[in-house]
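Chains here go by letter, A, B, C, D and E, matching the order in which they are written, and residues are numbered from 1 within each.
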Amino acid sequence: MELWIEWIIKAFVLAFAILTGFAYLTLYERRALARIQVRIGPNRAGPQGLLQPIADAVKLIFKEEFTPARADKFLFVLAPIMTVVPAMIIAAVIPLGTQFTLPFVDHPITLYVADINVGVLYLTAIASIAVYGIVLAGWSSNNKYAMLGGMRASAQMISYEISLGLCFVIAIMLGNSMSLLDIVGAQKNMWFVVIQPVGALIFMVTTLAEVNRAPFDMPEAEQELTAGYHSEYSGMKFALFFMAEYEKMIVISMIAVTLYFGGFREFWFLQGTVFSVDHFWWLGPIYLLLKVVVLLFFMIWIRATWPRIRYDRLMAFGWKVLLPLSLALVFLTAVGIVLVQQLGSVYIWFIPISSLIAGLIAVLLVNLSLRRKVARA
Amino acid sequence: MGVEQKLGNLGIVTTTLETTVNWARTNAMWPMLFGLACCAIEMMSAQAADYDMSRFGMELMRPSPRQSDLMIVAGRVSRKMAPVLRRLYDQMPEPKWVIAMGDCASCGGVFNNYAVVQGVDEVVPVDVYVAGCPPRPEALIHGVVTLFEKVKGEKFKDLVKA
Amino acid sequence: MTADLITFFILALIAVAAALGMLLSRSAIYSALFLVLNFGVVAVFYILLDAPFIAMAQVSVYAGAIMVLFLFVIMLLGTETLPASKALPWQRPLAYFLALVLLGESVYLLFFRKVASGDIPQPIQSFGTPQGVGQALFTSYLLPFEATSVLLLIAMVGAIVLTIREKGK
Amino acid sequence: MSEYQLQEIPVGPYRHLVSERAVSGETMLLNMGPQHPSTHGVLRLLLELDGEVVVNCIPDIGFLHTGVEKNMEAKTYQKAEVMTDRLDYMNNMGNNLAYVMAVEKLVDLDVPPRAQALRVILTELQRIASHLVWLGTSGLDLAAMSMFLYCFREREIILDIFELVSGQRMMVTYFRPGGVWRDVPVEFEAAVRNFIKIFPKRIDEYEALLTKNPLWLDRMVGIGKLDAATALQHGVTGPMLRASGVNWDLRKTRPYAGYEQYDFNVPVETKGDTYARYIVRVQELRESLKIVEQALNKLPLGPVHSDNRKFVPPPRSEIGTSMEALIHHFKLWTEGFPAPKASVYSAIESPRGELGVYLEGDGGPKPYRVHWRTPSFDNLSVISKIVKGHLVADLIAILASTDIVLGDIDR
Amino acid sequence: MDNRLEKIVKVLQEKAGAAYEEFRGEVHVFIAPGQIVDALTFLRDEHQFSLLSAMTAVDYWPKQDPRFHVIYQLTSLTQNLSLQLRVPVSGGLLKLPTATQVFQSANWREREIFDMFGIEFEGHPDPRRILMPDDWEGHPLRKDYPLGYEEPQFTFNFEEIDLRKPYAKE
């Protein structure tokens, strides 16, 4: 019975952490965007604007809830919930650190909610059903813009799911396990981003598409579809969509960190020093947080700088560039692993070199086609 | 309206809650992304680097009226636009506020003729009028801050409709 | 064991209800959603049977990819607004007949087939794990597996050919 | 606008403008605007969509119709000028210039060279400001949001210069028939020089962000192609026409306000797509800066308005001493000056194209008829032709590249 | 007058018997309503007047015949010339043949003239109002149409106007 209590407490702590993270991510994004755009950003609510998320939340709670007359009432209410739930539960399998022993009771507490042997598959499964909320929101609103947004979301999700899955496969092969804890453990000596840099890059691109962030924010493309799938949502229901979007950002960064950036582990060259998580267990969550913050900054930076890609080009990019490239990477990784097994561990460098060449070829081809298009026009 | 209406009906003394909610509303007032004419350009300037309305948490301009709290009527409202404006106002959920930015929106300005509505208060109820043709960004921000003062004084009791 | 049994019965009820809902609901969107619910419940069954790999594959492939495509198509065509088309004339009698056959089979299986208790073979240790599934797929079932991929490839090529012809028109 | 289309849009009134498929419900009619983030104001586009492909696009304008032309008939020539600022609110100086040039032509009034040079400097600064707003909003439309804020940062410098000379940021009314309102303050030259110094680097920054960016190229190249013949048929002028390969710039072909003294190029592109329009405008930023610099270097000394007292009020100092000056002042500001019973058409090159004023006098002090030939009006009318077969996302890019201002269209 | 322009005006006079006037270097040629399409086609095809710069109308109310002048401002890019055609329209008839076949830009401009002056263009492909709402009554730029002056509110008459001003409700 004790085990149940432990799980419930851990689940609550994790949920609370993600919720707080979401709230402060909004502030982080607004301040970072403002910094990039030579502005100041929210600084009036509380010291340095630290209470801004709370103000937003309280305001949205006390805002009128509105359901359009001809909307499908049931799905209209269900959609935001269906968006937010996957974003929360997907974090369950992500290891946040090693473990520590509870004082007095002498009971070991692991820093993850669950370590299942198909952890990576769990991630894909949950990520793939996360789109339902958006699609249903678009459909149930009875608004043409919302529906276009919902349709874009479903098409985009399907296009990028496969490349994302292949990037998972690369990490699985390198870690030789589907358990996230094992994958993190396998990165003790070398982060996978060093071994498979192109895979990490593709992973981050596809995750941008999966969480509908700029430049892939098709479903809510403000300038095209006004507010896209959440056009008709107000008050707390809208807040749920908002929440889901930012939670997904956090969670997806956590996954990226876990799969490619050593998870909760320190830099591989800090192994055995006092900075190692083996030395202090509480360094694990801190390292994870730092890495996540850095990745999030990249997401914000991209949003501030790049124009939005066009909807059909986005699909073409997914199918014609990312999918073949990630397939090639899976193949190259497999070859590298076989080489290591047969000839010795120095052949591990075959993987980064060959995949960088593959990535370079892809970039060149894309560039060439673009140049041809410019020339033709 | 939301929860506060029921609270008001109960007649419970809710001053602390009132203060909190009004504080939240003033600090997270999302304007609607909606410009009409010249004033819209100054409204954009107010969002930009030199003036930066985002300090007040106001840079989240919502393209959908469903998610906005504040309608800044920036510019002249023609007779053709007036029904659309009213409709947008009706689409905004409570609580909502309106700032008439500039002379044209406040009273018709220099355009005292057949085509322009002589003051947007004929179409939607206005909370704050900002004078100027167009008002400088500072003037708009002053108008917004004036609106904050008004919002801070709002009582749940008054919002309950008979 | 009772806890598992109770869970099983609750889930079974949900699964049957979802299946019925899918059949009976008027709106195509709701039908699709009921099917998703059904898939989800079936995935939980797999977990109960100690086959997490298949469970996750069920969710990500069926619920996550295929049904999203279904929804996409339904929304694209706007079928829920179109008037119901006439059923094919032979469809209804055939359906009744097939339902009868199915009912007969179930009755036979439930009441007449003798099942000795206890002779269900226990699954081996690696059953349902990724390793187990991989071993099975790439050793004893390699030929069917590859045949399936070829079949899918043919279907994909067919779809592409069809759309290309459509465009050329 | 989002829920503006809760009800189905009736095909009836647009029967002759949509395809057969819209009647059968095969294609979707979608309202874009009048309140939509990327229609640059209150423009309504009725779109017939097949999936996301635009089959037909029917612009609906007039949501900002202000009755300026009618209202100007009720004011004297001087007082009507305040209306001109509010037409194309990105090009206030240019509107003033077009109007005062028409008045000067109608009453045959001379303008001293210093006033001419000041007019050139300020209209070119205005062109830069207008193009900056265009660049910023186009960037925003394609979700390159920082561009918007960078452009507005530079625009503020220009607005500060305007405020320095006229006391207003936007509605300047600085040019007056016969010259300018009053001479520029001493800080003017330093302010403009400062701008000339920092701006080229800033243009380089913009170009670094966008011009070679693959996403930007992908959104722009080959989109919304407009050939020269169609452009002329639709009356398209300005950068849009020059992007289609027609070298027509009124500053070169019919120089006014002393443009013939300055050495500048007219950027011309041949491809006529959205990207060509972008390139033309970005190059115009540099060319305008060149003109400003030359005009500032050559800025002559002397009076800033004509000494024809029948049309230009006397300086304040004279009123105290001269009875005649007092009478002129009184007559001009109460009654206004009469103009002959005739009509003129005078056009300038605004940031958007040929901005023409048709001005007709009836012998009295008020214009009998003022018509504004506004470039955006024609530039928008071509859009229904060039968006056909493109995606909704391209429509946004094309609309941004036409650089319309609704105040300019609806008047 | 420019030599090249003089030639063109002479040909126009021969073809259509048109009168012309000159003011500050601008040439206005008067064309009868029936001949305007031919004249525009002739100028476009024979003399490269490829741009219809502006098109508008003037109302000379209360004069009835002609009450309106419809004005076509043409520009030739290759020759760098401008020419204005003026078509008198009688207050009783209010009809003109459309020029949309000659210049596409006439489409919206003719709609605007119809909207503002009530002059109909026969054969126009899309005869709707363009600037005013579809159910608007009257044609605002006519001289007999009131400007629509409303009394401005000042301190001394604030109360009085406030009483009858239609304020919007929630």
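Operating definition for what follows: contacts are C-beta pairs under 8 Å (C-beta built on N, C-alpha and C of every residue); 3 or more make two chains touch, one makes a residue touch a chain.
Since the model is a prediction, treat every value here as computed from it, not as a measurement.
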What shortest step count links chain B and chain D in the network of chain contacts? 1
Between chain B and chain E, which partner chains are common? D
Treat touching chains as neighbours: how many steps, at the fewest, connect chain C to chain D? 2
If we define chain centres by averaging CA atoms, which chain lands farthest from chain C? Would you check? E
Based only on mean CA positions, could you tell me how far chain C sits from chain E in angstrom? 70
So what's the Cα centroid distance for chain A and chain B, whole Å? 36
Starting from the mean Cα coordinates of chain A and chain C, work out the distance between those two points in Å. 29
Suppose each chain is reduced to the average of its Cα coordinates; what separation in Å results between chain D and chain E? 22
For chain B, jot down the residues that touch at least 2 other chains. 33, 48-49, 63-64, 66, 80, 112-115
Contacts with two or more other chains, residues of chain D listed in rising order: 1-3, 36-37, 62, 65, 67, 70-71, 149, 153, 410
Going through chain A residue by residue, note those that touch at least 2 other chains and give them in order. 37-39, 222, 226-227, 231-232
Touching pairs of chains in this structure are A-B, A-C, A-D, B-D, B-E, D-E
In their complex, what parts of chain A are in touch with chain B? 30, 34, 37-45, 49, 51-52, 54-66, 222, 226-227, 230-235, 238
Tell me, which parts of chain D touch chain A in their complex? 1-3, 5-6, 28, 30, 36-38, 52, 139-146, 149-150, 153, 209-210, 213-219, 221-222, 225, 271, 273, 275, 391-394, 396
Quick check on the complex: what are the chain B residues that touch chain D? 33-38, 40-42, 44-45, 48-50, 63-66, 75-76, 78, 80-81, 84, 87-88, 91, 110-116, 133-134, 136
As the complex stands, chain B meets chain A at residues 1-4, 20-21, 23-25, 27-29, 33, 48-49, 52, 54-57, 59-60, 62-64, 66-67, 69, 93-95
Of chain A, residues touching chain C in the complex: 72, 75, 116-118, 121-122, 124-129, 131-132, 135-136, 138-139, 147, 150-151, 154-155, 157-158, 161, 165, 178
